[in-house]
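Shared between the two complexes below is subunit A, which pairs with subunit B and subunit C, respectively.
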Partner chain A sequence: MLKLVSIHTSYNNIKALKGIDIEVNKGEIVCLIGSNGAGKTTTLLTISGILKPDSGDIIFEGKSLKNISPHSIVNRGICQVPEGRRIFPRLTVLENLEMGAYSVNSKYQISNFKNNIEKVFSLFPILKERIKQHGGTLSGGEQQMLAIGRALMANPKLLLLDEPSLGLAPIMVSKIFRTIKEINEEGVTILLVEQNAKAALRLSHRGYVLENGAIKLHGSGEDLLHNEDVKNAYLGE
Partner chain B sequence: MRQGSRAIQQLKQFKLLLITLLRYCSIALFTALLFLPFKGLNAAGIMFICILALLSVVSLLKKTKIIDAIKTIRIPEIKRFQRFFIPVFLISSAALPFILKDYYIDVLIMSGIYILLALGLNIIVGFTGLLNLGFAAFYAIGAYTYAIANTKIGLGFWASLPISASFAAIAGLLLAIPALRLRGDYLAIVTLGFGEIVRLILNNWDSLTNGPNGITGIARPLIMGFSLAQLEYYYYLIFVFVILAVVVIKRVESSRIGRAWIAIKENEIAASSMGINTTKYKLYAFTFGTFWAGIAGILFSAKMQFVSPESFTFMESILILSMIILGGIGNTYGAIIGAFILVILPEVLREVQLYRMLILGIGLVLLMIFRPQGILGGVKGVHFRS
Partner chain C sequence: MLLQQLINGLTLGGVYAIIAIGYTMVYGILELINFAHGEIYMLGAYLAIIFLGLFTAMGLTAASIPIALILTAILTIIFCSAYGFTIEKVAYKPLRNAPRLSPLISAIGVSIFLQNYVMLTQGATDKVFPHRFGEAGFQFMDVNVTYLQALIILVSGLLMFFLHLFIHKTRMGKAMRATAQDKTMAALVGINVDNIISATFIIGAGLAAVAGIMVASYYGLVNYFIGYIAGIKAFTAAVLGGIGNIPGAMLGGIILGLVESTGSAYISSEYKDAYAFIILIIILLIKPSGILGKTTEEKV
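Coming up: the complex of A and B.
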């Protein structure tokens, strides 16, 4: 479904990604793990078009995403939940969700709007209770739910999640991760970036380990979880 | 033992009080010294006492939490009163020219022009969150376009209305294309620079703009061969434009475009990850906002029958910005109220000629202390996190 072919991305002179190859198949959860500065977020930003790669190609459903602006990438069905949630603080929960459906413009999808909102509310019942509250008054976990729900409103085929567990209590983290699994089971492909390597690997079908802007290891989630190197470096065992 | 500790505590409190008092005294003394060279010892003494009293009153108010109360007052959503309020407002403002003297109608006309300007700037600063400190430049472009077209080519008001508005809008677009690469403060500086450039060009291009002397003898608008020379008629013309602006802007605000603007203001990265083309919508905001400045400009020059660069200084831009901040940034009705107050107030204070700007300034400072979100702004007491 999504294929990154030797992607190089840099911030001015600093090379952040040095030839990354990643493949995400339809229906999978794939996770990217790695330490700080390994290039995880850079990879996601490159996919969603906010950063332009220096070389290499990104292919989504057989078509290249190179030189396409971020908003048209959203229209193709890739939706990102940015790091640190970034909900709209002064809009209500409902308005936040409506903004999520912004890229939706075909008639079929507009008629789907109500279904989508119901779906989000069944995934996150707490959002329904807070429907009229300002986004900024929600707790961190609720904001994360809102951010994920907002992304789902765009009917994404591929959901990019950037550290959904950032700054959340352990109980909230496991709740969010369960929901990610549910979303995946409904047919949305997920590319997940995580610091919380253990939980992420348990959840994912496949995983990639990034180090200094290059892929160091890849394999199924199970394999990586039991890999000695991964254990030493990221799982603290 | 216990008595000893209580004494220490009392001493501490006393010390704190003394320090606060000393601080207030020094502030008051500083201000009083500023007055000394101009107004003599007596005025400085009065100033000292007044400021000391003001500061103490403010600090006492802070203790009683009245300030918090004022900050969190929610002016009832106008929506709820719309059905009642809007017809009453429309009828009463339509009836005004029958009751008022010419002088008051004149003031109302000026406030109408400023309402248009505030509405336009509110689109850029209030909805989209792009700070623009050179808004008077677009006002000037609108005004001068009509002035030049009328005096040099003999074009009428209605023929140059679309030209003036589109010239201002195009100028906004052309400024925005390079300037939108910048954000926040840097954008503000560039727009400020643009405002000065336009004013200086108007001041120095003698052959076209007649320099600092300005252009005189601009024609009043005609409707079916009938000149709107009487103030009442001009009042109705402005009235129609203001209503048109409010209706159009309200409709755009609640459309897809308006939603995109608000999303960009709230969080630009999130907006672009929602699939909003942020550059496009920022350009829309700039163009649409400056369009209304162009209309205000042509109305101004047709009313005054005279334009000169002096009417479009940096102070004018700041005044328009103050209007929307006073009314509550991002609120269309707030912009109207803010513009109205800031035009009316100096006229009301004309009695105390010398001090009116001082009073206006103090009023704005007090507003920022007591209600920083503006008159119709939302509740600021709630801390938003994102």
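Coming up: the complex of A and C.
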């Protein structure tokens, strides 16, 4: 479904990605783990078209995403829950969700919007109670739920999640992971970036380990969980 | 006497407010003080004179003044919006990732260019608005309100009302607010940020055009320099209300108009143009974020 071919991305002169190959198949949960500064966020921002790669290609459903602007990439079905959630602080919860549906509004009917918003509210009932509250006044966990809900409003084919568990209480973390599984079971393909490597690998069909802007290892979630290097470096065992 | 000044102030204030909205909307999205915005207002005044002059020559004004004025307004708004759109594409968009000072300098350049362009093509002397509205009006609580004043207050009020509805109720208005708050995230939900920025310039320029038409008809005289003074006053109004904040620009404009008219009546009309600067200095000293502005820690 998604294929990154030898992607190089840099910030001014700093080379952040040095030739990355990643493949995500339809229906999978694939996770990308790595230490701080490895290039995980850079990878997701490059897929979404926010950063332009210096070289390499990204193929989604058989078509290149080269020189495609970020909003058109969303229209093709790739949505992102970015690092730091990036809720629109002075839009209400409802308006944030409406913005999530921005790319589909023109194509589908109101009923689609209503279905999606009901689905989001059944995943995260608290959002329904906060519907008129400004996004910026939500708690961190609520913002994370809103960020995921907002991305789901667009009927994504592929969902990119950048550290969805960051800064959340353990109960919230397990809720978010359960939700990711549910979303995947409903047919959404997922590329997940996580610091919480153990939980992420357990959840994922396959995983990639990123180190210094290059893929160091990849394999099934199960294999990586039992890999000695991964255990030492990322699972703290 | 006071009530009379309040009516005069409201007339002026409405005009300042709708110019100030253009400053504040562009600032809200690009964090750019669009120094060329006052020049759009000046172009609006000139274009109105040119189009109405044309309609007068064609005999349309003699046939129906309202139709001639409405057509003039429509054409002026279209032309000014086209200027606003083009200025953004030519002078600001190529500098979007440049250091912050660069687009600011570019804006000053556009402003100087437009002033000289109008001076060269239209002459350096005052131009006269082709239609005199006269003093006809009505009594309102012992005060004379001319029909033109009432029209200006009504039009600026309606424009502000509809802009507010647009920003808060329409899909595009919400996308504008989202873009102002976080451009990257706006792109990640599928908003075409370039289109939103263009729309912002088009709306701002259209409002400035209306302000230009109203001032040209109110004072009857314009010159190529009016955009500079009005620009500074509207900028002051935007800062007074809290730059980036649309209701703030409306409030700031009206306060500035009221201060100017009461100040001219009770203190001295010699300082008519100085009140804006005094207000600007006071607000920068006391509350730089403006009346409705957020404190600076909350960026975006």
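The working rule: the second predicted complex is superposed on the first by the 230 of 237 C-alpha atoms of A that agree within 3 Å, B and C clash if a C-alpha of one lies under 4 Å from a C-alpha of the other, contacts with A are read in each partner's own complex, and residues count from 1 in each chain.
By our rule, a residue touches a chain if its C-beta (ideal position, glycine included) is under 8 Å from a C-beta of that chain, and two chains touch if they have at least 3 such contacts.
Treat the numbers as computed from the prediction; the structure is a model and nothing was measured.
> Label the relationship between subunit B and subunit C on subunit A in the superposed model as either fit or clash.
Aligned on subunit A, subunit B and subunit C clash with each other.
> Applying the touch criterion given at the start, work out whether A:H134 contacts subunit B, subunit C, both or neither, answering first, second, both or neither.
first
> Given the touch rule stated above, what does A:Q143 touch, subunit B (first), subunit C (second), both, or neither?
first
> So, A:K181: does it touch subunit B (first), subunit C (second), both, or neither?
So A:K181 meets neither subunit B nor subunit C here.
> First (subunit B), second (subunit C), both or neither: which does A:R202 touch?
In the superposition, A:R202 contacts neither subunit B nor subunit C.
> Answer with first, second, both or neither: which of subunit B and subunit C does A:K3 touch in the superposed model?
After superposition on chain A, A:K3 lies in contact with neither partner.
> In the overlaid three-chain picture, which partner chain does A:G100 touch, first (subunit B) or second (subunit C), both, or neither?
Touch partners of A:G100: subunit B and subunit C.
> Show which residues of subunit A both subunit B and subunit C reach, each in its own complex.
In subunit A, positions 48, 50, 69-71, 74-75, 79-80, 82, 86, 88-91, 98-100, 102-103, 136, 150, 154 sit in both the subunit B and subunit C interfaces.
> In their complex, what parts of subunit C are in touch with subunit A?
My answer: residues 171, 174-175, 177-178, 181-182, 184-193, 298, 300.
> Where on subunit A is subunit C touching in the complex?
48-50, 69-71, 74-75, 79-80, 82, 86, 88-91, 95, 98-100, 102-103, 105, 136, 150, 154
> Residues of subunit A touching subunit B in their complex?
Result: residues 48, 50, 69-71, 74-75, 79-82, 85-91, 98-100, 102-103, 134-137, 143, 150-151, 154 of subunit A touch subunit B.
> So in the complex, which bits of subunit B are touching subunit A?
The touching residues are 256, 259-260, 262-263, 266-267, 269-278, 378, 382-386.
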